[in-house]
Amino acid sequence: METINIIIAGPRGRMGSEAVKLVTNTEHFKLAAVIDHKHDGMMLSDIAGFQAISNVPVYTDIEKCLQAVEADVLIDLTTPEVGMHHAKTALTYNVRPVVGTTGFSPEDLEELQQICDEKKLGCIIAPNFAIGAVLMMKFSQMAAKYFQDVEIIEMHHDQKLDAPSGSAVKTAEMISAVRESKQQGHPNEKETMTGARGADFNGMHIHSVRLPGLVAHQQVLFGADGQTLTIRHDSYHRGSFMSGVKVAVETVMKQNAFVYGLENILG
Amino acid sequence: METINIIIAGPRGRMGSEAVKLVTNTEHFKLAAVIDHKHDGMMLSDIAGFQAISNVPVYTDIEKCLQAVEADVLIDLTTPEVGMHHAKTALTYNVRPVVGTTGFSPEDLEELQQICDEKKLGCIIAPNFAIGAVLMMKFSQMAAKYFQDVEIIEMHHDQKLDAPSGSAVKTAEMISAVRESKQQGHPNEKETMTGARGADFNGMHIHSVRLPGLVAHQQVLFGADGQTLTIRHDSYHRGSFMSGVKVAVETVMKQNAFVYGLENILG
Amino acid sequence: METINIIIAGPRGRMGSEAVKLVTNTEHFKLAAVIDHKHDGMMLSDIAGFQAISNVPVYTDIEKCLQAVEADVLIDLTTPEVGMHHAKTALTYNVRPVVGTTGFSPEDLEELQQICDEKKLGCIIAPNFAIGAVLMMKFSQMAAKYFQDVEIIEMHHDQKLDAPSGSAVKTAEMISAVRESKQQGHPNEKETMTGARGADFNGMHIHSVRLPGLVAHQQVLFGADGQTLTIRHDSYHRGSFMSGVKVAVETVMKQNAFVYGLENILG
Amino acid sequence: METINIIIAGPRGRMGSEAVKLVTNTEHFKLAAVIDHKHDGMMLSDIAGFQAISNVPVYTDIEKCLQAVEADVLIDLTTPEVGMHHAKTALTYNVRPVVGTTGFSPEDLEELQQICDEKKLGCIIAPNFAIGAVLMMKFSQMAAKYFQDVEIIEMHHDQKLDAPSGSAVKTAEMISAVRESKQQGHPNEKETMTGARGADFNGMHIHSVRLPGLVAHQQVLFGADGQTLTIRHDSYHRGSFMSGVKVAVETVMKQNAFVYGLENILG
């Protein structure tokens, strides 16, 4: 495979440092430079935690970086504002952005799409890079066309404040987009204890389990005549988004258009 | 093993007909007679569904039956009122009752206990004969001494009217009897959709899933520092109480006292 | 929805009798006739088990049936030889076949395809109508593109003679068709007890569990960096193929070509 | 609750450093001193990783430590040889040992038992402190009295070299001690792919799954007439032994005899 030259913006963050590991450990990936809001002019090996990585310059300004370094892809794991600026600038220099931040406005997304169309360049914005979670949602949506009855059980550690989880709501929304509407359960069903049947989302039910020891887990259960189909994702630690970033980098090189959401490149 | 001679009361009921199968298919069990509220004086093989079972007389009156037939154990699968009369009469004739009906009053239970003590005879009354379900509850209670954090997920077919299930409530009660009280989840936890966190029972949470295809399933999840323990029972069809009846019949022969609840003979 | 008129061939078989139930219980389906190898000229209500179903004539000869009855779809649940004859004849009369038997030869399939192309008629041959099982396999194949590491655990009642199950082998074959080859597990892995790591299929591992109480269950587990994705199908009773037949009947009406395998119409 | 004064031997090891966290974070526990094979005479806060923990002296010699410090319990997480010496010495000073190492000889265990009996002091030696894992084994043994049919599925990350895992073998041994022997599966069962039915241990089957992403998981499945009972333990990170140490420390204070194995104090 041909080597892909990569710039990482936000290398010291939680996801960024995992991305540095991914890029430096993947044979056909090469880390060309990093963009950090400080440490301009230093080498990455001068920064604590990265001593072993040689020959990677640090830039604070993306324009200077793109002028100095030959790159194919920018992996941006910063913030929406910074990410938008980075993505637009990268496209100007014919570098394809892979951006892992949420919070882009519809206008931002449209602007990026237009630039990609004009320049015939790939660009991937993905709020969730955990391939397993993205496939769970995608498969759930596909299954919902054939199984009208579905319940979602999401399970997280007990330090989580909100219930249900964002992923559970996203899954329910994706299912609702294709599922023939139905109020599930028996019409005369009664809760003898309030809340037993969980949250109601368009007739589907969502249950949130919180226990110490758990990390981040979700199962989507479909039921019909004598059978159930269950799709489950277990996330055990934060490295779980790395394979998604890898697929995005490899895919963005073959594309000449804008894509929003990892589910749209997983086929 | 020595043969155990058995009378079954209620042979045509859903559980009774399974009990007939169990007794006639178990090598060291012998079906001596059945008690039915009709068909007095006939043979069991005269009744539809039992043609293959030879030499088993049918009685309507338990006293007549006990006088005519030599028996060790009475399996009663009728109703609480009839069951109470049957159990008392059986003990008078030194026949040990195994009774699978719910709804006995505390006075009934006490009266039976006294008769057993006087006659030094075993008698087992069990509202639930599914060994797996009873062990699930017993183990959950044992685990709750060490894991304060627990959630119950019960899952049934969508024709079930009440939520949570009786077994889930019974499990929660058994756990509460030993668990150091605690309001689980984060103190600042917020439901963004009502009911997501399920029903609250003394700070524990119970979730009821209803889907076509499911039969009767329950899991009890315990969580602590970096680990979870899950105890799960799946009931696929009604024969699931048979092994419990078998254990009860074998155990009642070795006992000389009254026992309420299968969990107290499973060790 | 417009009513679909249906002929069922093989109404007294295990699957056929479920299909009769499905068609008579679905609002926009109408059972126009049945084809049985005996009972010619009788009404379905004359046959034991079908007394409640009125106005459905029984034919032994498919040609006579198709001449006498107006039908849109033939559901054939007989045998491969009979099914082939039925399907070809039905197409001649512009009736679309939905056939649930395995064992067609490649020549049979090609012949049917040609007839469909000429007549621009839909025809669906499906060896497996359990939608959940078919989706499990389809999703597993899709996931295998992104997760190279996969193990299959299939679980059945202990009366099953062969291990692994046909579905597990089919799943492994479908995965192998897309998965980048890999010998899974640690290169220095050692079995201290023979067989612990299961069967090896192109570097994947398959495990067969056999226990009384179980019915038919399979899970496919994918693992990667800090996450697992699990796709599980549980089949509790034989009615589980009915929703697949329903989808096939509805789909075949909209198609003008031949389809082999339910996975190719689920999308 | 009265404060328990604790000495930890081996504070810099993987388990030892977790034990330091446990003791310093538990309200009624007080860390009185640590025993390390170096750093004699320093304070724990002088050692990297423990800067925040004040007033805890470090000793290299256990005798000097026990003379200088008032303690109730010694938590030893060193090696069998060192642990044996530590445990004997602690008992001499009326300090109760809680020891988390494997590899003690039967003679060692007997010697400790005798000292405990003479001095009427508690002492707990536990090869496995993960309460959930220990309960899983204990419950499995209890269930095996009623369910003769059992299969074990253990699942670990793919860096594990041996299959099956030590815990799976231990579980199988504990079950074998009470289970009526039986060759499971159908007598005419055939493996069409070698290894599909897993490893055979006295007629039970054990299956080892290895996937990246997994940590350490085991389920024990029992099956009978129409039901299954599943006991599952998931270990997500190494802190999972901490609650076992806590229970052992609290229990050893109430005991005046020797105990081997956490399962014997859980109950």
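The first chain written gets the first letter, and so on, giving A, B, C and D; residue counts start at 1 in each chain.
In the analysis below, a residue touches a chain if its C-beta (ideal position, glycine included) is under 8 Å from a C-beta of that chain, and two chains touch if they have at least 3 such contacts.
This is a predicted model, so every value here is computed, not measured.
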Counting C-beta pairs in contact, which chain pair has more, A-D or A-C?
A-C
Farthest chain from chain D, going by mean C-alpha coordinates, please.
C
Which whole number of Å gives the spacing of the CA centres of chain A and chain C?
36
Separation of mean Cα positions, chain D and chain C [Å, integer]
49
Centroid from C-alpha atoms only, then distance chain A to chain D, rounded to Å. What do you get?
39
Please set out, as single numbers or ranges, the residues of chain B touching at least two other chains.
213-214, 222, 224-228, 234, 236, 240
Please output the residues of chain B touching chain A within their complex, sorted ascending.
149-151, 153, 155, 158-164, 169, 184-186, 188-201, 205-214, 221-228
As the complex stands, chain A meets chain C at residues 130-133, 135-136, 139, 142-143, 145-147, 222, 224-240, 242-243, 247, 266-267
Over in the complex, which chain D residues touch chain A? Could you list them?
213-215, 234, 236, 240
